[in-house]
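Following are the structures in question.
Heads up, the next two complexes both have subunit A, just with different partners, subunit B and then subunit C.
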Partner chain A sequence: MNLFLQQIINGLTLGSIYGLVALGLTLVYGILHIPNFAHGALYMVGAFMSYFLMVDVGVHYWIAMAGSALIVAALAIICERLVFHPLRHSPPIHDKIAAIGILLFLEALVQMFWGADFRRMSSPFTGILNFDGLIIPEQRLLIIVGALTLVALLQVFLRKTMTGATILALAQNREGAFLVGIDANRVAMMTFGISGALAAIAATLYAPINLVYPAMGHLVIMKAFVIIILGGMGSVPGAIAGGMIIGFAEAFGGFYISTAYKDIIAFGLLVVILSVRPQGLFAKGAH
Partner chain B sequence: MLRLNQLDVCYGSFKALNNIDMTIGAGELVVLLGANGAGKTTLFNAISGLIKPTAGDMEFEGQRLSGRKPSAIVSAGIVQCAEGRKLFPQMSVAQNLMLGGYVHRRDKVGNRQRQQEMYQLFPILAEKKDQPAGSLSGGQQQMVAIGRAMMSRPRLLMLDEPSLGLAPLIVRQMFETIKQINRLGTTVLLAEQNAFAALKIASRAYVMENGRLVMEGDRETMLGNERIRKAYIGA
Partner chain C sequence: MMLKIATLLMKPGAKMALLALALVFPWLAANEYQVYVMATAFVWAIAVYGLNIITGYCGQLNLAHGGFFAIGAYTLGLLTADYGWSFWPAFVGAMVMTAVLGLLVGVVSLRLKEHYFAIFTLCVGFIIYLLLDKWEELTHGPIGVRDIAAPYGFGLVDFTETVPFYYLVLAFLVLAIGFMGRLSRSLLGRTFIAIRNGDELAQSLGINLMRNKVLAFVLSTTYAGLAGALYAGMVRFIGPEEANINHTFDMITYLLVGGIGTLFGPLLGSIGIVWITQSLQFLEAYRMIIFGPLLVLLVIFFPRGIVGSFLTWLHRKTLVPAQKRKAAKATSAKEAENNA
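Then we have the complex of A and B:
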């Protein structure tokens, strides 16, 4: 029984991280209709920024996380202004190529400063909680609680505030949004900022139980794409649910089948679900 | 109030609007008649700033509109209720109305009050306020669209074929509501193919054909005109 509960904890941990990354991706997709391949690089830069702030500047984990979120949000906004905004009238393939360009550029940049080595990031939450045999490392609990809190905050922002609603409005009907006086530039910058901050926070939460290296974003972004395809491109609840589905599939598949196959499980699931429901599980447009 | 001066719009080599001169005075209800493809929607989108005119000037209350962003034009007081409604389908009726008040977002009290006024104008919307706008009937969606446009507190409201695809009884109510909105002080520019019903509530009309304004006149002149009767009223 405990082993089963243990896998639930693992599934929740992975699902939380995947969900946070996928949320940023789906928000950007919802308003610009571009798959932002550079999102994984933003995640990776987020981990390096936290690492840098903790190790080289020497600040506390929380401050490093906040600083990294701000820096990556700014970086994402710069990408929008310098790359995606000038391409707004070009064919979609240009955005995709540009996104891959940003991805390669950021990876090379990080590698130039920090090298390709694997680094370990420490966290002040190294304790292990033991609930009658069920073992939960503090960092995993932090990931789950942190991600749930962020998702809840994001939901309140998107559904209860006028500023947040402009993101969904632009995703649901672009012209309708212009007709009520919503400024597309402002919303695009805000959305990129939020997506960058979410990626940086996810990376900072996950890095202490993983490693920090320039290619760390690859697998995460591939899975985030699987998630938003599963959940319906642009759908916020779909990204959260999709994140959990992939997280649980990996945790349980890894345990009951083989850890060697855990990465294949996500993509296998994608093939199965897309052949049964090609429109995704929750596809109903942006909401 | 609104003055268009020799306005041209081109899509590539196709001239969608050709030398449009139009004047609308404060408080008027002006109808723009024209068949499908005549250029009515193009004209509205040019005034709203969604497409850029290739030549000519637009002036609203003495200020130049040319080159302004759509959001600036809404703030200036020109609001379009577009053909096809352009609602936010997965959001509730109340949220759609709330976003209509986006340019006045600092005035929360005013927006709430205005929202109540919209529920008085369209009581059915008060009943459906928590339902997704996309789940409503066509007539109700049109009410949400007009309500959302009115939430932006327009001084000039442009309605693009609000009767399109609605049952005759609903159309009559819709025109009554438009008349009432005008009587309460909002200047209205109404694009319609339903010429008879539109002319009944209008003070003046323009006729558009192939991107040109080919005729202009007050209601009586238009209703009495043989060509108009043949082309748009069918009597």
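Then we have the complex of A and C:
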């Protein structure tokens, strides 16, 4: 029973991280209809920024997280301004190729400064909580609680504030949003900024129980894509639900089926689901 | 002057000259290594031609192309090293394998449009990589495949030598380009372009989207398999890294620099970038610091690449003045009529 509960904790941890990354991706997709392949690179840069701030500058974990979120948000906004904004009228294939270009650039840049080595990031939360045999490392608890809080805050921002509502409005109906005077440029920059910050926070939360290296974003971003396809591209609740589905599938699949193939589970799931329902699990109608 | 050179390049003789240049290249090269590099560039060019069919002509961004290249290489490698096949049957086997797998993946993935297709193929490419890495009973896992057979020369030539192998690759490249040329001028090629320009419009013209897209996809994966098999026969040692997504990204760069959707873009892009990378050896690990922004700048400012931009320029220089002259003639004739 405890082993089973342990897998639930693992599933929740993975699902929280995947959900945060997928949220940023789905927000950007909702506004600009760009599958941002560079999002995984932003996640990776976020982890390296936190690592740099903690190890080389010597600040506290929380401050490093905030600093990294700000830096990556700025980086994402720069990408939007310099790359995706000029390409807004181009055929969709160009956005994707440009996003790949950004991804390659950021990875090579980080590798130039820090090398391709695997690094371990420390965190002040190294304790282990023991609930009657059920073992929960503090960092995992922090990930789950942190992610839930962030998602709740984001929901409040999107639903209850005027600024947040402009993002949803633009995603729902572009022309309608223009008619009521919403500035698309501002919303696009804000969305990219939020998505970058979410990626950096997710990376900083997850890095202490994982490793930091230039290719760390590859798997995460691909899973995030699987998630937003499952949840319907552009849908915020879909991203969270999809994140949990993949997180649990991996935790249980890795435990009960095979550890070696646990990374394939998400993609296998995608292949099966898209073969049966090309429009995704929760999407309404055809795309 | 520029224009004269340009029109000269468009003549059929230019292709012959290019072929002649490729034929004498082993004598022009300073050493055997340069011939080897050129053969590598040709192998990549063949794979990029495949990518050009599905992505350039048909407009579907396929991110599993490197994966199919690796499948071609692995099929040849495993059949010759583990199952005792000789090179040529295994070579055909590699192409059949990539074609069949291409058909299977295509039938599922091409039901999806645009972004969904790109993301799906990204995942397929990654599944291929994971399988090559983890399925140790079949693929030897991370150790890779050694002792791959070299092409059998029927007692006439020895393809383990660099120069004969160069000519072998060149022959396949010429075949690949020749087939591409026929394809791009055929009804089928135009059908692909119609799908790229708008699949709803293409459908309303009576084009069967699914059948044509799958055909384009199978053709492209077969090209990738051919290139992969040649690659395995050349380096004779392969590992799961052949399926690394970066190979797909490299090929997209070659295609984009040369000119996406053009006949000679893949060739120009592959040869050009392979040589630039060679001469900047010290940059090998960091070449993406240059290529990444290059990709971005290309899609923003020169989305048609070198060949595409050249053709546009030539078109403007030759066709537009000719039309103007025609228009001027027509008006002067009209004036003469009015005066009479």
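Please note the rule applied: the second predicted complex is superposed on the first by the 283 of 287 C-alpha atoms of A that agree within 3 Å, B and C clash if a C-alpha of one lies under 4 Å from a C-alpha of the other, contacts with A are read in each partner's own complex, and residues count from 1 in each chain.
The working rule: contacts are C-beta pairs under 8 Å (C-beta built on N, C-alpha and C of every residue); 3 or more make two chains touch, one makes a residue touch a chain.
Just so we're clear, the structure is a prediction, and the values are computed from it rather than from any experiment.
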Should subunit B and subunit C be called a clash or a fit once both complexes are overlaid on subunit A? fit
For A:Phe118 in the superposed arrangement: first (subunit B), second (subunit C), both or neither? neither
With both complexes overlaid on chain A, does A:Glu175 touch subunit B (first), subunit C (second), both or neither? first
Is A:Trp62 touching anything from subunit B or subunit C once the two structures are fitted on A? First, second, both or neither. neither
Between subunit C and subunit B, which one touches more residues of subunit A when both complexes sit on the common chain A? C
Looking at the overlay, does A:Phe4 come into contact with subunit B only (first), subunit C only (second), both, or neither? neither
Using only C-alpha centres after the superposition, what angle do subunit B and subunit C make about subunit A, to the nearest 10 degrees? 90
With the two structures laid over each other on chain A, which partner does A:Ala165 touch: subunit B (first), subunit C (second), both, or neither? first
In the overlaid three-chain picture, which partner chain does A:Tyr261 touch, first (subunit B) or second (subunit C), both, or neither? second
In the overlaid three-chain picture, find the nearest pair of C-alpha atoms across subunit B and subunit C and give that distance in Å. 17
Could you list which residues of subunit A make contact with subunit B in one structure and with subunit C in the other? 287
Subunit A residues touching subunit C in their complex are 29, 33, 35, 37, 83, 86-87, 90-94, 96-98, 100-109, 111-112, 218-219, 222, 225-226, 229, 233, 260-261, 263-264, 267-268, 270-271, 274-275, 278, 287
Can you tell me which positions in subunit C touch subunit A when the two form their complex? 55, 59, 61, 108-109, 111-116, 118-120, 122-124, 126-127, 130-131, 134, 245-246, 249, 252, 256, 285-289, 291-296, 299-300, 303
Can you list the residues on subunit B that touch subunit A in the complex? 48, 50, 69-71, 74-75, 79-82, 85-91, 95, 98-100, 102-103, 105, 148-149, 151-152
In their complex, what parts of subunit A are in touch with subunit B? 162-163, 165-166, 168-169, 172-173, 175-183, 284-287
